[in-house]
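Structures follow.
Look for subunit A in each of the two complexes below; its partner is subunit B in the first and subunit C in the second.
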Partner chain A sequence: MSTAGKYFSLFLGYLHINAKGLLEYRVSSLIALFGSLLNSAIWLVFWWVFFRRFPNISEWQFVHLFTIWAVLNVALAFVSVFYNVYKIPAIINEGKLEYYLVRPKNALFHLLIARMRLVDLVEAFIWFISFIILKPELPAVILFLVMSVISSAIIHGFLLILGSLGFFLKSADGIGTELYNALITFSTYPNWIFGGATKWIIFTVIPAGFISYVPVQVIYNRVYWWILGSLGFAVLLNVVGCVVFSRGLKYFETGNTFVLRAD
Partner chain B sequence: MCIEVNRVSKQYTLWKIKGWTRRERQVIEAVKDVSFRVEPGRALALIGPNGAGKSTMIKLLCGILSPTQGSIRVLEMDPFKDRSRLAYRISSVFGQRSQLWYHLPPIDTFQLLGRIYDIDRVELKKRMKELIELFDLSSFLYQPVRKLSLGQRMRCEIAAALIHKPKILFLDEPTIGLDVVARSTVIDILRDLNRHRNVTIILTSHDTGDIERICEDVIVLNEGKIVLESKIREMRKNFFHSKIIEIEFAEQPNDLNLLPGVRVFDQNGPVVKLEVDLKTCDVNEVVSRIVACNAVRDITIQDPPLESIIQHIYLSGYSAEREAGQNAQIDG
Partner chain C sequence: MLKSMDKYMAAAALSAKNYLAYTSEVIFRSGFLVVILFVFVNLWTVTYSRSGAGVIAGFDLRQMLRYLVFTESIVISRPRVHQKVEEDIRTGAVSYTLARPYNYLLFQLSVSFGERMVRFMCTLLVGYAVMTIMIGPYIPGLSALPFLAVTVALAMLADLIGMIAVGLLAFWVEDVSPFFLVYSRLQMLLGGMIIPITLFPSFLRRLSEWLPFRFMVYAPARLFVDFDLNRAWGVAVGQILVCLLLFLIGMSVYRMGVKRLDVNGG
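== the complex of A and B ==
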């Protein structure tokens, strides 16, 4: 079997074992799914009421907002297939990284696929169906899927960079959580209303613009060059994430800095 | 040579937080100029108090950490540079960390490990069958790990570590938290692996009973340095200057008529334990005197526990390194 085949086989092995884990706790998983859908529904009702009162803000309507929620939720579900990307600082600080280091597979890939939150894929499916009902056109559906995959890659790269800082900063967990929350918050708001420095921030430091503004531009206004732009940004983030992780790994293996309270 | 460690040191940088803003840099040398060799098929114990450098040494040997100075060869490979390649030929069990999936049966972890180590299905099936028999896992193989006892879980841990037929097994406190029966089972399995299946074992443990039953060789570490490198039986011979005589009298003894150098170590009714200083007197003489004065039901003569020898080594700061030279070799 080729190296790629062996890695794919490992991915399938983890998919199988995570699916079994999900079935072992199917009731709690379903409750979590229901809770998440309810949370999204409450926000959508809020926005629906808002847009009924103000139907058009900078030419954007409720349908656009629904689309960014759908893209974000499908993207987050894809990221959940690599669920450990959320846990990198904890994996480093709690010494769990050693499990992956003593295995013959690439430590980063192995770590990322080891935990999957597969119940999120059910949620993604519901959002996907909802989008089809909202806009039953094949090109729009294809573009929706493409932009969801690219958005997931952007979120993944963003989390990978933040998580890998855990090698260098003991407080990376807290900083990462704050920045991730900011990303999600900006991604679920009609961030096209912002301009100037805020717009610059949502396309760089907190790349929420790529997850909300860009998919709407691509799906509704067919601004195709944005696909390449966001794909390039996704690749860049993930490459930088891999570099930071591999530098951090070297630092971990050769340095092992500890911070202790002296008194 | 299976393992060759040559003048290895490992330093950590420690930042001490003092007050609100001040941080003080401190370099900690976890392992200091350590050298040793291990022949294939041997069982070596790394022992020492907490912070002695045992776990760091294991991590260096597995390739998790790189040495600050010196060189390490494990199965003719540099463990740090060739870590992925070496991983196919070594395995590790860390007593406080599990590699089993907590909510799923052990069989699922075994199958996953088959994929991690690229074992084909037929070979994996054969290998699992062997391990299930060897570790007697069949009765709980399909039960979720969370429902297993600690002993059953540890048997599964060791079986999982052997799925890819490693040449060397690193064990860091494998019997921690186990009850007497479970501990005994795990020790028997490890001894069998070493004696009959030629698996080299490197073990760290605080339990001297485990060490005595599994290992032939021992390295005592203290503050990152080797303070003693020896065979266990030689360590006993060199450091045992006393014997324990356990006597069961027919009735409560009146007069033990003890010689100088003999003290009562423990007494429980008619059962008395005496510690005899071999430098001062002879065991035969002590026994003869006691038998002459009292009716005795049973007598056993034992060495003192290994624990007390190790305590003695730590306290005396004995350094075999000086005696044995830098590159002392542990061989048959």
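== the complex of A and C ==
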């Protein structure tokens, strides 16, 4: 079997194990799904009230806000397939990294796929169907999927960089959580409320603009060059993340905690 | 009556004293509050500017932003008392409290209230600093401060009793988190945390007025930005009634739950 085949087989193996886990703990999974949907619903009611009160505040309407929430949630669901990307600092600090280092597979790939939150894919499906109902046009649906995948790659790359800082900083977990929360918060608001330096920040340090403004530009205004722009940025973030992780591995020294089976 | 309340006041004071050790941590971990306030300042500044309205739903821009600082501070300062109650019931620890000379609900209320007061002061300090930098300082009238302190305390008590009542559902269910989720999200929207209820369409506003959440968030925040003595009395009376009602519900749930308590082992 080719190397790619072996890695794909490993991925399928973990997918199978995680799917069994989902079925085993279906009640808690359903609770998590319900919670996430309820939270989104409350924010959408807020935006519905807002645009009902201020219909001419910008060219954006409720449908645009719904779209950025849908893109973000589908993107987060794709990131959940590599759920350990959220846990890298904890994995490093709690002695769980060694488990992956002694295996005959790329440590980063193995670590990322070892834990999946597959219930989020159910949520992604609900958002996807909602978007189709909202905008039943094939090109818009295809662009929605494309932008969701690119947005997920951007979030993944962002988390990978922040998580890999755990090799160098003890407080990487806290800093990473704050920056991730900022990314998600900025991603759920229209970009036209920001001005000055913030407009630059949301396209660089906290790349929320790629998750909120860009999908709306591509799906509704058909500004296709944004697809290439955000794809390039997604690739860049992930490459930088891989480089920081591999540099961190060279810097890494194992502690006296050794976990036999990590997740 | 007052004498029997001494132990609960002591528990609240001790809890506040304990939590004072973590004030710097709470302040430094307020990144989310800073981000959300920054976003709200941008959103409402643009909204007021583009709509050309000086006053929206009874608030001018500065009042709206101060209102949001206050509501966020109230809600973010919430300790996870429902989880503590759930854990006590699940582990059987609640059975040890039956023989102790205190009311379990009042004891949890006192401990969580002490912690919450400290957390609230910290989050309000951070929020106040952010707002002062972005829109300038604000000092409410000195005569309003005692009323504000009372109304904030009552709002927190009402919320904490509600949370404990949710936690007590652990007598029947394994995990109370879905119930708390519904409670907290209803409070977030219908309590007026993210948007004043005066902005709601009439059916949502009516719904909000029927539920107790507005006494926990909207009412004290409104008084903070626009103090009115008559309204303050009305709010305080409403809050006391909500506290009593929630306490009665909580005690009924507790008594029903304790009757079916079955503890194994020692």
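Quick notes
Everything below uses one rule, namely that the second predicted complex is superposed on the first by the 252 of 263 C-alpha atoms of A that agree within 3 Å, B and C clash if a C-alpha of one lies under 4 Å from a C-alpha of the other, contacts with A are read in each partner's own complex, and residues count from 1 in each chain.
Rule of thumb we're sticking to: a residue touches a chain if its C-beta (ideal position, glycine included) is under 8 Å from a C-beta of that chain, and two chains touch if they have at least 3 such contacts.
Only a predicted model underlies this, so the values are computations on that prediction, with no experimental measurement involved.
In the overlay built on the shared chain, the residue A:102 is in contact with subunit B alone; subunit C does not reach it.
Touch criterion met: A:9 reaches subunit B, while subunit C stays clear of it.
In the superposition on chain A, A:221 contacts neither subunit B nor subunit C. Of the two partner chains, subunit C is the only one touched by A:38; subunit B is not.
By the touch criterion stated above, A:17 is placed in contact with subunit B alone, subunit C being left untouched. No residue of subunit A contacts both subunit B in one complex and subunit C in the other. Chain contact summary for the complex, subunit C toward subunit A: residues 29, 31-32, 35-36, 39, 42-43, 46-47, 50-51, 56, 175, 177-178, 181-182, 185, 188-189, 194-195, 199-201, 204. By the touch rule above, subunit A contacts subunit C in their complex via residues 28, 31, 34-35, 38-39, 42-43, 45-46, 49-50, 52-54, 57-58, 174, 178, 181-182, 185-186, 189, 192-195, 198. Interface residues of subunit A facing subunit B in the complex, by the touch rule stated above, are 1, 6, 9-10, 12-14, 17, 20-21, 24-25, 95-96, 98-99, 101-106, 110, 253-263.
Across the complex, subunit A is touched by residues 12-18, 23-24, 59, 62-66, 68, 80, 83-85, 87-88, 90-92, 94, 97, 99, 101, 103-104, 108-109, 111-112, 114-118, 144 of subunit B.
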